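Residue numbering begins at 1 within each chain, and the chains themselves are lettered A, B, C and D in the order written.
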Amino acid sequence: MSRHVPLASILALALAMHTGPPAFGGGADASAEAERALKDKVARATRMLAREGLLGSSGHVSARVPGTARVLIGPADVSRDLVSGEDVVAVDLDSRPLDKVHRPPLETEIHTGVYRARPDVMAVVHSHPVHSVVFSITGKPILPVTVHGAIFADGVPVFEHVGHVNSRELGDALARALGSHRAALIKMHGAVIVGPSVEEAFVAALQLEENAEKQLWAEATGRAEPMTPEEAARCIRQSFSPFSVAKRWQYYVDKEKAERRP
Amino acid sequence: MSRHVPLASILALALAMHTGPPAFGGGADASAEAERALKDKVARATRMLAREGLLGSSGHVSARVPGTARVLIGPADVSRDLVSGEDVVAVDLDSRPLDKVHRPPLETEIHTGVYRARPDVMAVVHSHPVHSVVFSITGKPILPVTVHGAIFADGVPVFEHVGHVNSRELGDALARALGSHRAALIKMHGAVIVGPSVEEAFVAALQLEENAEKQLWAEATGRAEPMTPEEAARCIRQSFSPFSVAKRWQYYVDKEKAERRP
Amino acid sequence: MSRHVPLASILALALAMHTGPPAFGGGADASAEAERALKDKVARATRMLAREGLLGSSGHVSARVPGTARVLIGPADVSRDLVSGEDVVAVDLDSRPLDKVHRPPLETEIHTGVYRARPDVMAVVHSHPVHSVVFSITGKPILPVTVHGAIFADGVPVFEHVGHVNSRELGDALARALGSHRAALIKMHGAVIVGPSVEEAFVAALQLEENAEKQLWAEATGRAEPMTPEEAARCIRQSFSPFSVAKRWQYYVDKEKAERRP
Amino acid sequence: MSRHVPLASILALALAMHTGPPAFGGGADASAEAERALKDKVARATRMLAREGLLGSSGHVSARVPGTARVLIGPADVSRDLVSGEDVVAVDLDSRPLDKVHRPPLETEIHTGVYRARPDVMAVVHSHPVHSVVFSITGKPILPVTVHGAIFADGVPVFEHVGHVNSRELGDALARALGSHRAALIKMHGAVIVGPSVEEAFVAALQLEENAEKQLWAEATGRAEPMTPEEAARCIRQSFSPFSVAKRWQYYVDKEKAERRP
């Protein structure tokens, strides 16, 4: 019985994270297969974030199908703890549903707004993290105070609109607030974390909240002095490599499997 | 196998939340059936709030049978995590038990006091939420600092009586303190959350505590500035619609089922 | 299938809490049977407090056998989550073991010191509650700021000795610090909660920590003003009656059963 | 059925903690057997720390094989919740892998740096404890404010390098920062806890975080005055004896077994 994941698998996973489906040669079948796999990954990330308390009865994960204008997104109307790849819906960059199985979220524009503005972004997480959101209430900045928070050293802007991001105009405005950053807070509401892969956006979503919890404790008891830009650059290089991201993703995959084991 | 809940079901649920049993035509059988279903819903809300930590060895949920002076309420003497529809008891608006299976709670007047004063209220939750109660100790107001807290933007009054609400006089006084609000705190004790349906009172009870936890962290580390009335109105419209409430209710129903599976 | 506990049972339980074994007539068999039942209760309270996070790898519950100089106490060397009635050991009031199955705790004097000084005390809990212990670090007093905390309105003295209570001298000194109170803190270490029954000491142990957690949040964000003595007296009367204590005890008994149900 | 662990077993365990494998006489077989047992212990400590929230997708436990220059360490690429003795890898004191089954952690130098400098250290834990790390952000010292924290009364130095400890130079520098202490913090990153046995390092790792959580609450609400050196010495003698350490280790072993029981 093999419960462990050998190095080769994690390296393969790390490589796969940055690779889209074959651009040609496979034809329609290969492409459909790749999209099914990506839907499974979106669903898995959603379930795992729910399990970690970052999503609850709402919040969503999406991914752009490489080389297309298709976005795969968790549906509005399926419980986040139970969602499967078959439930994931496809929308275009104007948030129009491309199939009829499930309804896309009311806030699909959080995702499509970012995809329109940021060609580098291939995955988006919209979470409701308890500690991170506090910073959008006090107006104090999230600072890089931990190795895992270093990836947010260039700042986590706050999108000042209080309410749903449910129109093209708001999606565009959120994307402008996000700019070239890795994450933004939506005031009094939640967070948006983006990345070049589902795995990376998933891991970054966890790291945002881990850093925020420690920063709140630091501010409640003393002064939270951020790391220097040089330190942040080193931390990112060291602990946010494709290997590290793949390892963390695999950790939560294993954890889900272990807890499901009767 | 269908683990997901299609849109149609949630919409049907949203509609049903605001619909009582058939006013006539069904006769005694249909009415008994509707009451059984409402008892099941009261029991389910109780179990789900216990699971979320808002009820423990005490606290209760009730519902008014539409068009009657009957109130269905979780019993005093059944563990909140295990209560079933059969355990739910019926009382009249004077808190007198209408059957003998179980004993009504000592604080039934929390519920009947509100039902007498507020014809619009069809369901009441009495919870013991850790973070919300803190505001009734410090005397600081609960403020709308999150999208989910917007429904409390008109204020959460504190009923200043420290102790049980176990007489008609106290039930009336609590109802006066509550006024037209959606929730009140009972000083150093707990919360009362009301709504036009069990689902809406259940969801509001969760939202009160979610908002309170974030507000406490904000106050421990900075300043908690509330949203504007305009922002609050928008948040309520957007995230407390019948669809949203039904979706959140369904989320916890699914979660309970998933945890009971094996 | 009966998952609920009818009122009659809880009332019987409430009565039994304040009743020892038959003083005569039953002979040796009846008395052995009563002691076995009391050992089961000590073990159950220990497991339930471990489940609620108030005991961990150490901490203990004890009971005095009514009308005797025998004390039944959870052993030093059995995991608190797993202890059964058969593991519970008997000691005399000088902390000498009366049987050889298991070793009594190193700190048995916490219990026997109190039993020697307080004939009214029939049960003692020694817990390690996270939030309550903080007050023995800061030196700030635990105040009655919640209905459940009212039972501590006459104060929770701090025994200033930092270390184990492992001698007759220290047991006596702890008892003097406790005086006629219901609970004391052992500085930087833990809590001692006493009562006329295992059930009451168990419930009081939970209430001490519930009150402490809310008080800490109140102090971190504002001012924690205690309730008045009149309010405290009312709260004790209302929410610490034999019925209330029996109901809360039963709640945790049911919870343990439910979680063990495969 | 025997769910409890009699005193004799715990005493035997306490003795075994301070005893290496037979120095001679057993030959290669006995030595291989002892190493397998030590690998199992490293894996078990890793799983139990993950279960307690001190390790997650990263962090590791190691042990030195007594009388050798071999270090057994949890691998980089196996989920901490699932690691078994077979997954544990052997490295030399220069962090070079001695077998090829799994990859050693990128930060193996945290461990080997300490083993090179501290012949007394037989086990090292590298954890990521939420509350302890906060002190490496604010720069406030961790103080002995609880009986369990007394073992850190001589101070918990902060290694000021922000980033991975992934070179011999950094391993040496960390060991210098640690000096003769029992634990050090790695700034904005995590903790290193050392001991003469896996059991003792494991228990100390838990105690560091327990003390830190209470100290944070004390500082958020008042003043955290440390115990005196005399008090600390007494607490260490009393609650960190081989018996106490063995008892606490056994507690978590039992807990893991109980939770795995279907």
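Everything that follows uses one rule, which is that a residue touches a chain if its C-beta (ideal position, glycine included) is under 8 Å from a C-beta of that chain, and two chains touch if they have at least 3 such contacts.
Note that the structure is predicted; figures quoted are calculated from it, not measured.
S.K.: Listed by label, which chains are in contact with subunit C and with subunit D?
M.R.: Joint contacts: the list comes back empty.
S.K.: Please state, in steps, how far subunit C lies from subunit B along the shortest route of touching chains.
M.R.: 1
S.K.: Subunit B and subunit A are one sequence twice: same or different residues at the contact, by the over-half rule?
M.R.: Result for this pair: different.
S.K.: Just the number, please: Cα centre separation of subunit A and subunit C in whole Å.
M.R.: 47
S.K.: Between subunit A and subunit D, tell me the centre distance in angstrom, where each centre is the average of that chain's C-alpha atoms.
M.R.: That pair's centroid distance is 33 Å.
S.K.: Can you tell me which residues of subunit D touch two or more of the remaining chains?
M.R.: 220, 262
S.K.: Assign the assembly's chain-to-chain touch graph to one of these shapes: line, ring, star, complete, other.
M.R.: Graph shape here is a ring: one loop, exactly two partners per chain.
S.K.: Okay, what are all the chain pairs that touch?
M.R.: Applying the touch criterion to every chain pair yields A-B, A-D, B-C, C-D.
S.K.: Looking at the complex, which residues from subunit A come into contact with subunit B?
M.R.: 56-58, 75-84, 87, 102-103, 106, 130-131, 133-134, 137-140, 162-164, 166, 188-189, 216, 219-220, 262
S.K.: If you look only at subunit C, which of its residues touch subunit B in the complex?
M.R.: It comes out as residues 3-7, 10, 145-147, 149, 213-215, 217-218, 220-225, 227-228, 231, 234-235, 238-239, 247-248, 250-252, 254-255, 258, 262.
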